[in-house]
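For reference, chains read A, B, C, D and E in written order, and residue numbers begin at 1 within each chain.
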Amino acid sequence: MSSLISWFKAGRTSGQYTLPFVVILLSMTVLASVANLLLPQESIFYVSTYSITLLGKYLCYAMLALAVDIIWGYCGILSLGHGAFFALGGYAMGMYLMRQIGDRGVYGNPILPDFMVFLDWQELPWFWLGMDQFWFAMIMAVVVPGLLAFVFGWLAFRSRVTGVYLSIMTQALTYALLLSFFRNEMGFGGNNGLTDFKEILGFDLQSDLTRVALFITTALLLALVLLVSQRILSSRLGKVTLAVRDSEARTRFIGYRTERYKVWLFVYSAVIAGIAGALYVPQVGIINPGEFSPINSIEIVIWVAVGGRGTLIGAIIGALLVNYAKTRFTAIMPDGWLFALGALFVLVTLFLPKGLIGLYGQIQSKRQASVTQEASK
Amino acid sequence: MKAIDQSIQGFRETFRRDLVWPFLAPEKITNVDVSNQMILYVEGLNLSFDGFKALNDLNLYIKDGELRCLIGANGAGKTTLMDVITGKTTPDSGSVFFGQTHNLLSKDEADIAQLGIGRKFQKPTVFEEQTVFDNLELSLKTDKRVIQTLFSRLSPTEMDRIDEVLNIIGLKEQCFMKAGALSHGQKQWLEIGMLLVSDPRLLLIDEPVAGMTAQETERTAELLTSLAGERTVIVVEHDMEFVRSIARTVTVLHQGSVLAEGSMDQIQSNQDVIQVYLGEDAMEAEL
Amino acid sequence: MISMKKVSQLYGGTQILWDLDLDIEPGSITCIMGRNGVGKTTLMKAIMGLLPIKRGEILMAQDALHKQSAEQRAYAGIGYVPQGRDIFPMLTVEENLRIGLPVKKRKDIPEKVFELFPVLKEMLHRRGGDLSGGQQQQLAIGRALVLEPKVLILDEPNEGIQPNIVKQIGDVILKLNAEENLTVILIEQKLGFARRVGKEFRLMEKGRIVAADKMENLNDELIKQYLAV
Amino acid sequence: MNRILRLCLCFLVLTIPSLSLAVETQSLLQQLTKAKLSQMPNMLEQLEAQGDETLLPIFRAWLGGNLYYKRDDRQLLVKQKINSSTLYVDAFNQQVQADLTSKKVRKIKVNNKLRGLLRGTIARLQLTSKNTELRQAAVRELMADLDAETFNTLEDLYPNEPNASVQEMMQTALSLYVAKDSQHSQSVRLSAIEFLAQSLENDVRNGLIELTQDTNAVVASAAQKALNKINQSVERYAFVDQLFFGLSLGSVLLLASIGLAITFGVMGVINMAHGEMIMLGAYTTYVVQLIMPNYIDYSIWVAIPAAFLVSGLMGVVIERLVICRLHGRPLETLLATFGISLILQQLVRTIFSPLNRQVSTPSWMSGSWEINPVLSLTLNRLYILAFALLVFIALVLILKKSALGLNVRAVSQNRNMAKAMGVKTEWVDAMTFGLGSGIAGIAGVALSQLTNVGPNLGQAYIIDSFMVVVFGGVGNLLGTLVAAFTLGIANKFLEPTTGAVLAAILVLVFIILFIQKRPKGLFPQKGRAAE
Amino acid sequence: ADTIKVGVLHSLSGTMAISETTLKDTVLMMVEEQNKKGGLLGKKLEAVVVDPASNWPLFAEKARELLTEDQVDVIFGCWTSVSRKSVLPVIEELNGLMFYPVQYEGEESSYNVFYTGAAPNQQAIPAVNYLKDELGVERWVLAGTDYVYPRTTNKILEAYLKDMGVAEDDIMINYTPFGHSDWQSIVSDIKKFGSAGKKTAVVSTINGDANVPFYKELGNQGISSEDIPVVAFSVGEEELSGLDTAPLVGHLAAWNYFQSVETDENEEFITKWQAYTKNPERVTNDPMEATFIGFNMWANAVTEAGTTDVDAVEKAMIGQETPNLTGGIAVMNKNHHLSKPVLIGEIQDDGQFETVWETDGVVPGDAWSDFLPGSKDLVADWTDPLKCGNYNTETKMCSGQNY
């Protein structure tokens, strides 16, 4: 019995790196923030506002990758449409920020955003009502993606749409939303989307302090989401999730209503994506239908794969790394960066089948192999 | 006015908590009604695949606590019958009742499993990416709703139960090995183990001893016999020695319907059975 | 016919086969036995070339088999009936059987297959995956016979087979062995069958061959030592 | 209308009669070289009044933008293209003017308005042409606004017209004039309207619409009746038209997705580089046309096999270098092929520049097949529809009848077992991937005739391709066919009422809902085996 | 710094690379040119090229990178309006300077941006006038890609046409998604719409990639320019180079520049460009001219101001005059828009345009349209005392922030 308990403890090691990772993440965040706010620009340790914004954006992507990893890595649902939830969260935030502009828009209309004025809209569409309240907008930022995920997931999982069929349907979903949001009639600013934000909760979006605050908020939320997800996934629910991934039919035969597990996990993941989107918008300053584009969603999946799927930290690292690579490559070799990025994807797939995180395991198992070999001699 | 009334009525009906929103519906805690001694009623089952009749007016009654052997030629429909009972396949016609009240045909796999019907598949299917331990933990008889699962803890009794089963199936050493890395026979055992921890009312066991050595076969026989009484067990096997060692009643399926039913000796001397299944000199060949 | 010298094999970090030696005489029927998980299937896969071996060599009539790919070994005359059957589920029975035809440059499925397993003829146009377990097993053997192999590897061929067909499979093996001098390597757990069909036996334990002899000499002591739990 | 233009052009080259023009006319023509665009309509009128058929070649050259003059002495020239070399001949005496470069000449301007006028002029002059088609075109051109003078000419010509259909066209034109002309008696007008009711000519319809407002109530109601009748058949043809649009869109979807049906549907590789294989095919077409600029008409026949080879070889290379190392890891193929698609796009951008490349349409594929005035099917799409079906059938045959087809399926279902059965899995993989990619390349040839040949070509089709394959049911070629045409037709029947954007959205929503009913596509793989 | 840094913010990959790469090369050519002349203020120019990859948030990020990390003195960049909208807050926050070289929908005037492309009144309105007056067009198809530029332009045109007494029934408006490639139904609808006996024309604000299949379909369905002329605002020489133009002869485009215009400046520019790209077939187009004008004006303004300081340069920019490539002088107005001539050209079978009409003089770009209810009272004037991008002449207020 006691031996079993010790096994039991030993068996649940998947989360052992989470806490150290969170600690590193948060201390880096604090250091960067302090370096930005307190150090003089001339200091070599100064972190520019550009870098802070960039880091903030990366962290939003990391959260998005985390959301995808939860359902793809752990539940086997390959969503090629997660960008949609991200974008919906982003739009909710964007609408709030848009309303915050008030009469400081170019046409000086206190109610209507500029794009409505010059397209001759007479009044605010109903779905814009209440979006001037921060709390309401934030509720929408999680409720709308969550609700969409719920409806979509409920339909799809109940009908047992699985595998590539599901993936392509999620893609169809985001594609349909892309086309819809492009339409100016929708009332979301069409292709231009929402931009030209001024302030959030009364704080000037262009001030360094606000930026740092947003950055820290993102880091904190990312850490929180990571911890909660880790907790969920290492509970028995996590095991059921893995079971669903490996053999959904078998899981049903031992009495789990797999579709409910999938729906809730999908909703959870969509909500995280929505939160990531809401954090993303004030930091990059624009939300437009491009975020719905299927290619974006595919890229998210790729971040996860590069980092190592089925490992939450891997997803985060993958998102950070790929996006950092993108930033560097586009600046260093604007004409050839796609070669580098493409090659990166191919090479990671070929040589790091379990992603960057798997590299660690790969090295370890090599070492182990040589140890056993020696032992056998 | 009436129309409005009706639509309100309809609306109410649609939004009855227990009907439309399966997510919100309270989980039914059920008892199997076995007041007639029977636990499983299979009546007039028909099922065809593209014209091929896999089940043909099949009738089968299983007593509560019985250990029933189901034999029959390859392709007779044994596995298909289990598929129907466990909700994997829907028959063209017929009825399947669990106890007197539960119509299995109107339930899905998870419901049926939660009613207490457990199954071991012909081809061992385990969660390959998870450890043997986790495979067992997942199969435990617990509340399997989402929220409850999220907050569940492994209780000491449950741990003891798993420990016990690990001993029975002889995979204690492989406890934290990924189930995918087990050999074929080990997977068979693991699946039996998963069945054991789930503590079902009715066990459907499809070819448990395939790929086991003689001794292991014996052990399995013991195990199954010990299970019967408390539970009801239906075993499908082609190993006649094994069948004889456990069987009280044997049912022979042929081309989707029951060919013969009786004690092992009756069956072994039944000419039809010998012809389509056992072979003329079956017993000598076996030994 | 086939001889293995000091073959070692690993899965990831765990070694399964340990410097294993094995000799199979031409025209023999060798029965390989051992408890679950000792590495029987692994050994067969190594012979077939489906798993790379870490060390050692596998020879077939002087040819270095271990240097060839699996498909070359099929051409060299090894037929394989895997454990778990591995039917191509979405191919019809006929297509399952036709796969191997090019090896012998044949156009049609040898009639012999249908003589041995008449069910297959009935089910010719059904998908392999739809067949019952036992039917699949027959298909798997039939499929290997299409290759007209010199060595036939059967990994627990009787798993899930109805008694009269088990007998029939036994007869088939004996017949092929007698008439065509087919070398058979058979993994079998059921002693009765092993005794009836096998001429030689090899006992395995923990990735090694621990006993090898004529079938007559398989005594209770050995059984108790290596096969009992 | 283009046809006339082209006909004119080829006539120019063939018939070069020397012109003997009145001095007056010559000097008027000479003035063209100095005139402003705004003065030209006036001058054209004068020219027509003075001249006759002999001026036709000059008018045609003018219309086609081939009338030039020398910068120095303002000599009037006609530009001619013979076998891709340009030469200038004197407009009057047909003497070839040697070593005139484009720098030394100037074009006589022609604009839209002038072209319209020129066409009228040419038509009037051409009413008596020997060529039946030209005559017919001339009548049609003049039909809309016949003036009294032309009416009389036509009336004179009518009885002697040898060709029946030209005669009918003339009668239509005459009837239209009569029907509109209140000078004629009511009964004459009514019978003219009755005749017009058989015509589908656009001008007739417009004329009748006008007539429904006629002061003569009887005529107006007769016109309305005739109009209703015409509208009925127009609607019927409109339906056929729409169906054709749907089939055509379907054929494009089919072509785009059919290669994917192999690499993804059969082999299970989530091939994000499929679009780039199409793109390579399109660029191959471009290169082929570059190599044989004088044989554009035949270039397609070279381009099809070339594109198949180029994309196919690229497919084989990708398979050998990357995909083959990812067996049993289908999801990873998504990642790797996405990387490859990025690389290929950038490669094309580097080699060919990011700009679109110009791929010409062979003349036999341009224009449309005019069945009647309201129904004409564009030739390029007609050919592509037929081509798509042909490719589909060929592919089905390959997969069903050849050993390759059987082997691929076996390999994709159980690689190890296939190996054990002596299947050369590596070769099969390479060939299959090559085949799928090669077919994508062929699709690229077809698409180059319809759309941009640029680095983004592939991206534009990848989503649709996956959608079609999945909607049809993965691994089912027939499903791909049906799915492609279903989506194409659905889209085209929605578009007129909803607009293109909404139609696309609705089709997507339809797919999402449909999949709920059939979670494995239109033609799912059934049975135990599929689990 | 010992160099003057010129940021280039054009997409080199993704959907917009097709159009924007050319502009990147144009700027690089201009920089090289200027350096041959000895640079500016005694310093060499150094181009800093980044690739925002047709990704709108990335435009903002890259703009910030250029301004804060690379410390560029000026940015030449953007094509789509959304990319401009995306970088605008960044440029204003960091007080950068950007030149935007593409025709756009107007309704904007920022202190930090100079608009060298055409505003709707420099392209759309003259084109419609031409169609109406010269070709007698009575029925109008307004076809566009579904995004802000076409929407706004069409709104303006619709209002304008209705002002001129065109009936609702005689206007057909159609929007298509980006990259729309199946034009069968729409072209067929246009054909039907145009066969009602009244002269019909299509005003096309169809964008980039969708044009090739659109024109191919026009050609194949046999719609000739005499029947239904199409006048486009987004189709230039570069777009035509991807097309066989033989069937399209006579269709129109309205721009401020055509390659075919014969002036010495233009000839020189084309020669330099073809030499720079080492491609004698390479074409030029309107946004290139806009870049050319913008660059020259900036260079002059810097010289005049003696510094690259944004505020000084901004001041010096207003009133700058630079020769157009098509003749005449372009002037930078107080609203940061140019005065330029408007040309209308017909497509020729060699892929060039032939000018068939042009304005007598230059037309000043109007930041705020007179035909939109929300903006007809707005004016932009960046000189004292107004110093406002959106001054409301009714309420006498400068709304919101400084643009």
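Operating definition for what follows: contacts are C-beta pairs under 8 Å (C-beta built on N, C-alpha and C of every residue); 3 or more make two chains touch, one makes a residue touch a chain.
Remember, it's a predicted structure, so these values are computed and weren't measured experimentally.
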Target chain E, source chain A, minimum contact steps
1
If you take the chains that touch chain D and keep only those that also touch chain E, what is left?
A
Which one chain sits nearest the middle, judging by mean Cα positions?
A
Could you tell me which chain lies farthest from chain A when each chain's centre is the average position of its Cα atoms?
C
Averaging C-alpha coordinates per chain, one finds the centres of chain B and chain C separated by a number of Å equal to 31
Chain centres from averaged Cα atoms put chain C and chain D apart, in whole Å, by 62
Roughly how far is chain A from chain C, going centre to centre by Cα mean, in whole Å?
51
Geometric centre distance via CA averages, chain B-chain A, whole Å:
42
Residue numbers of chain E (touch at least two other chains):
12-13, 146, 175, 177
Can you pull out the residues of chain B that are in contact with at least two other chains?
49
Where chain A touches two or more other chains at once, the residues are 179, 182-183, 249, 335, 338
Show which residues of chain C lie in contact with chain B when the two form their complex.
11, 33, 35-38, 41, 83-84, 119, 126, 130-135, 137-138, 156, 159-168, 170, 189-192, 196, 223, 227-229
Residues of chain A that touch chain D when the two form their complex
78, 152, 155-156, 159-162, 164-165, 168-169, 171-173, 175-176, 179-180, 182-183, 249, 294-295, 298, 301-302, 305-306, 335-336, 338-339, 341-346, 348-350, 353
Using the touch definition from the top, list the residues of chain C that touch chain D in their complex.
48-50, 69-71, 73-75, 80, 82, 86, 88-91, 95, 98-100, 102-103, 127-130, 143, 147
Residue numbers on chain A that touch chain E, as the complex places them:
48-50, 53-54, 57, 101, 103-109, 114-115, 117-120, 179, 182-184, 190-193, 195-198, 206, 284-286, 288, 290, 327, 330-331, 334-335, 337-338
What does chain A use to touch chain B in their complex?
1, 4-5, 7-8, 10-11, 232, 235-237, 239-240, 242-243, 245-247, 249-258, 260-261, 263-264
